[in-house]
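Both of the next two complexes hold chain A, though its partner changes from chain B to chain C.
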Partner chain A sequence: METQEVLTKCIRKDVWGLISFSAKTTLFLSVFCLLLFSSISVEAADNENCLMCHKYRQIGRIDEEGKKRSYYVDENIYANTTHRNVPCRDCHTYITKLPHDPITEEVNCANECHIKPPFSKENFSHKKIIEVYNNSVHGIKKEDAPELKSAKPHCKYCHLNPIFTRVQEERIAFDKTLSRCLNCHEQKGVTQAYKHITHRLRHKTSRSPKEIVNLCSKNCHQEVDLMKTLKVSHESLEAVETYSQSVHGKSVALGSQDAADCISCHATNAIHDIYKKDDKKSSVHAENRTETCRQCHTNVGDQFANIDVHSKLDPEKKPVLYYMNTGLTFVFYGSVLGLVGLMLIETVGRRRDGIKWQIRRGTTWRGISKIKTDIKKILNK
Partner chain B sequence: MPGEPKRLEHPKSVYVIGFIFKIITIAVLIGVTYQITFSHHGPGLLIPVQKKIEAQQKSAILEEVKRQEEYEKHRHFHNIVDFPSLPEASRPVCYICHSDYPHSKNKKVRALLNMHTQFFVCETCHIEEIKDTDIVYKWYNPFNENPSGPFFGTSYNQDTGNLAEVEDQFSKIAPYFRFGDNQDLAIKAQDAPLAKDYMNVRDQLTPEQRDNVKKKFHVNIKAKGHECKACHAKKGILEFKKLGFAVNRIVDLEQLNIKGMVTKYEKFYIPKLFSD
Partner chain C sequence: MSTPSENIATTSEDVSSETMTDTSEGVQDVTYVEGVGNIPRDIYKLVKSDPLGDIPRYSYHIVIQHFLTFITFLVLASTGLTLHFSDLWWAPYMISLFGGADTARFVHRAAAFLMVAASVYHLITILGGTIEKVSKKRFDIRRTQIPILKDLKDIVHDMKYFTGKEHYRPKMEKFMYKQKLHYLAILWGSFVLITAGTSLLYPELMSTIWPNAAFFQDLARLMHADEAIMAITVIVFWHWSNVHLVPGRFPLQWSFLTGKITREHQIEEHFLEYIRNLEEIPEEKEYMKKVLKENGFETN
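This part shows the complex of A and B:
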């Protein structure tokens, strides 16, 4: 009886909405429609009404270690994310009671959720890609030192709950193609599914190269002290620095959407299969490098692929490159600074001659040279 | 002008071209200077100096706090939008010591209690009643004497069923003392004279002196706030209707919408929580 009472109370809010929507419907039909509406709304995944509390942005606390913890989930954003139909406890399995106990576990993305993807009878899971990831250089291995284990990124470190966004790509005729899909499929699901697929068509990821570089660098690969404690190779230690000095790094820093970012070279389209370069599975292994370069530089050969992308200008290891670069630097700065210097010397000289500096009437220099004035004075005398 | 050299008589286009070239020259000069001094793509002549200054100003605490905040963004996974926050001077004085997440003692409900700070100021819950003085609850906005709403949390979006999005991000329910026809705000902002004075001299005070001053901030403040039932009930302290809440929202707030929780959770003890 108690449960029934609670449920009755809960659906009252929606009843109010329906009364305004159609005063002519009977109460029975209102309740029926209400349940139907509930089943297709945002609350479909939130059948336990977790958002009753978690939709407020101030829900959070400072934990015992002094860390700020936010438990906020924006319901409007959540309704447009990939996981909108996944019940909260499919991921947060450790929540068993209310109020919750302090959380000690992390979400395991390899869990099966109660969603059956199209053309499949099995519950959805990220297991397959997690297997790829676990085998990659970022996967936690038994032999890893504790500090390395804790430093390796987990799924959530790189991924935010993805939002369905329509790709801004002219070659994908969104409206035309989608309208053909709608000939057979219902709009609601197929629109989301179409966005889900198309926004991955342009690049390997939907993030910009700059975002990818920032993600890999910030708090991780660019932190030289951290990398040293993890005992990475000397090349890896300088990877961010050498990349930022390369033509790829500079193009990305200047806003290029086509220049290579980290995963353009270090992963295949599976994205998560990043291996050390000595590993034959690696996309930057000597045997695979040409194919990797050909993703952008079509028709190039092995010689092109041997160009050092993460080149460090070391006078001992690469003297020719180092001295060429130093020479060109001198030529560049020498030209610009020499020109400015000459202008300054000329200016000082003219001032010393007594010529006035005026920015008007079409010239910056006016008046008669002091020397000429002196000569005139002598002649007049 | 007779007598002046012809070279001074330039057409207007020359002025325009000259101006453009001057701008280009200045831009190149600035770019080259930056390239030589601070850019990581050039020799970076002044980068060691910059690093030295930064190292002198380094704070281990500040760095750790920033690192934790960054980590929390990665840990959270659900997309978090940045909301505008009040400038320090306009924030209630309580935040000087108690922060955005003031509740920490009761482990079961601290996050839930902190959640309420989105809707009302601390005093709304922790105000000590004064004998023979009425307390009125109204929306308070530090930038607007008479905020008219719509306020966040007062109504649902009819299409989505979610809470309606609003422009007013700062209004909160606050208590006012009623003296006859006058209503005095019962809270103090950080730009109040006492708060400003305290901020200036607090480092010079001994711990005992600081405690004494703090007591002045807690006049009419009780440590334990209202119980849930005080508001989440019919005829509660807050008159939801007068405060502009929609009818269906009032029903939810008065009865609490706990659909599914009773049956789906292994243990469910919100009722006990209410009686604590």
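This part shows the complex of A and C:
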């Protein structure tokens, strides 16, 4: 009995020891993991301490239309974006006192901000590209109809405040090249700057061809009804459809990085200078087309530029090809059905004559099959 | 059927004669072959065949060419269909199998070049063989793929046989109407696909060659896809059925690997060629004599 009691005590002690040990280990490991996975908080440019209020997740209101609006700013995300060094009020200029009045104005991207780009004494501004953009077909013009004015995209329609991502392309050896920059520059600043530049080392845009096509089509150019109310040209109405049937469109839809997207042809390197094709400034104007094709197709002659990129077999514009296509459809069904029919008739006929499916014991003509030739008749002759 | 080869070739009529008697009891259709005897038209029901083939039909050149075409065709079809039907649900999965759109396009082109090479190889073989035969005065148009009027008559005759209005299948040459049709379709299809494909691959070059580049590029886009889809459909539903599924060929007709055709197939669908085979192959003559004797036919 005594020995048994001692034994139970020992076991109890062991169990308690085990529990306390595992508790300690768990605590240690969880603290370690917390440290391991917690992101190091980055400071955004917020000298005026806007985040004092806007750091709260629940900050927001329900507006007059019943929509929920959030005014929360995640400092960690913001500090990784393009505009991380821009103080809030450089864009939100209409805020003049604290607490501020309800916001009624949009942000104006043409503002000058208090950031001086490297090697320049001027304050940075998007003014230049906005000028290009306003001249383009997407810029709002005085003579535009009100529905067209409201449908035209503004900066923020395409440009969210993007988080920098590394460009996953072989031609940019990210780590090697960046390590060379780090010989002289500070890690924090130059990594962002480096990403900023390599972002733009793709064909024309930092986005993939598929993203560009989606950006232009979704909710806009592919919406035929919307395009009709904006009174766009017939070609423009069908542009998304015809593009997605072209070799460029099909390749891009399957993830090609080489094939042309919308921007590849419809804009120069300024990207925002999209014009109607009848406009002489347009990169797809008859006079500029050859040059535009040459970006990818080297050794292009004048005839080449006449090839239809947004091709559609329209019965009015391409009657020969249209009726040829119809004819070929008949040929297709005719030949396929005809040949398969022939095979079926053949099989039925031969089966009736007694043929089996497979050669066994040297023949497929087994069982009931008998030859029709009468031996006696031949022998008598 | 007036052909230049008629007076130089040793035709089957020189050595054999046909008898056809229509009586109330049935039809006797026999072909007399010197040194063998009277061969009934439906003797193929009585002969023994090796599934791998008995009688030489294709040279090893043709076997290699078929194999090259077979492999490249599968690659071209799977990459081409995926690129063409890029909006279908399976396209992204299929394209990732080839390593993305750009790689798939490269694979398609590489396979195309190999197929063109196989076509050139075939043309050289065929033209070379024809020149050799002509120079040796052994050329016989009836043993080639060139369509002749008899093929049309054979189609009508065969249809009558299949519907029970004729007692025997027509006596056909080495290549029957079906094969000639298929061969011509391949010639036309290859011409269209290669021309249109070149136009799609080298639009810069071809736009300087075509008289109206805009029209011909559109034509090339239309024809390349259309002709390819037709070829794939015909191969899958007709050709594969003919060599895998129909009676006598199931599960596989081995000719494409062995270059040989089974005896019963040769007699059934290429009777006139078999008569020539009897003249050319002494063992075959002996074999046929044996079969005739075993079944109570007269031999000599």
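By definition in this document, the second predicted complex is superposed on the first by the 254 of 381 C-alpha atoms of A that agree within 3 Å, B and C clash if a C-alpha of one lies under 4 Å from a C-alpha of the other, contacts with A are read in each partner's own complex, and residues count from 1 in each chain.
Definition applied: contacts are C-beta pairs under 8 Å (C-beta built on N, C-alpha and C of every residue); 3 or more make two chains touch, one makes a residue touch a chain.
It should be emphasised that the depicted structure is a prediction, and the values quoted were computed from it without experimental measurement.
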item	value
Touching partner for A:Lys121 - first (chain B), second (chain C), both, neither	neither
Chain B versus chain C as contact partner of A:Thr81, first or second or both or neither	first
Chain B versus chain C as contact partner of A:Asn306, first or second or both or neither	second
Touched partner set for A:Val247, first chain B, second chain C, both or neither	second
Partner chain in contact with A:Lys97 - chain B first, chain C second, else both or neither	first
Chain B versus chain C as contact partner of A:Gln257, first or second or both or neither	second
Partner chain in contact with A:Val107 - chain B first, chain C second, else both or neither	first
Which superposed partner A:Leu342 touches (first chain B, second chain C, both, neither)	second
Where chain A meets both chain C and chain B, residue numbers	244, 250, 336, 340, 361-363
Chain A-facing residues of chain C, complex	19, 21, 23, 25-30, 38, 40-51, 82-84, 86-87, 91-92, 95, 100-102, 104-105, 158-159, 161-164, 167-168, 178, 185, 200, 203-205, 207-208, 210, 213-215, 217-219, 221-223, 226, 229-230, 233-234, 237-238, 241-242, 246-248, 250-251, 262, 264, 295-298
Residues of chain B that touch chain A when the two form their complex	7-10, 14-15, 28-29, 32, 36, 40-41, 43, 67-72, 74-81, 83, 99-101, 103-104, 107-112, 114-119, 153, 156, 158, 160-163, 165, 247-249, 251-252, 255-270, 273
Sites on chain A touched by chain C in the complex	244, 247, 249-259, 297-301, 303-304, 306-308, 311, 313, 318, 320-321, 324-325, 328, 331-332, 335-336, 339-340, 342-343, 345-352, 354-359, 361-365, 369-375, 377-379, 381
Touching residues (chain side chain A, partner chain B) in the complex	2-3, 6-7, 9-14, 16-17, 20, 41-43, 47-49, 52-53, 55-62, 66-79, 81, 89, 95-99, 102, 107, 156-161, 163, 218-219, 241, 244-245, 250, 329, 333, 336-337, 340, 361-363, 366
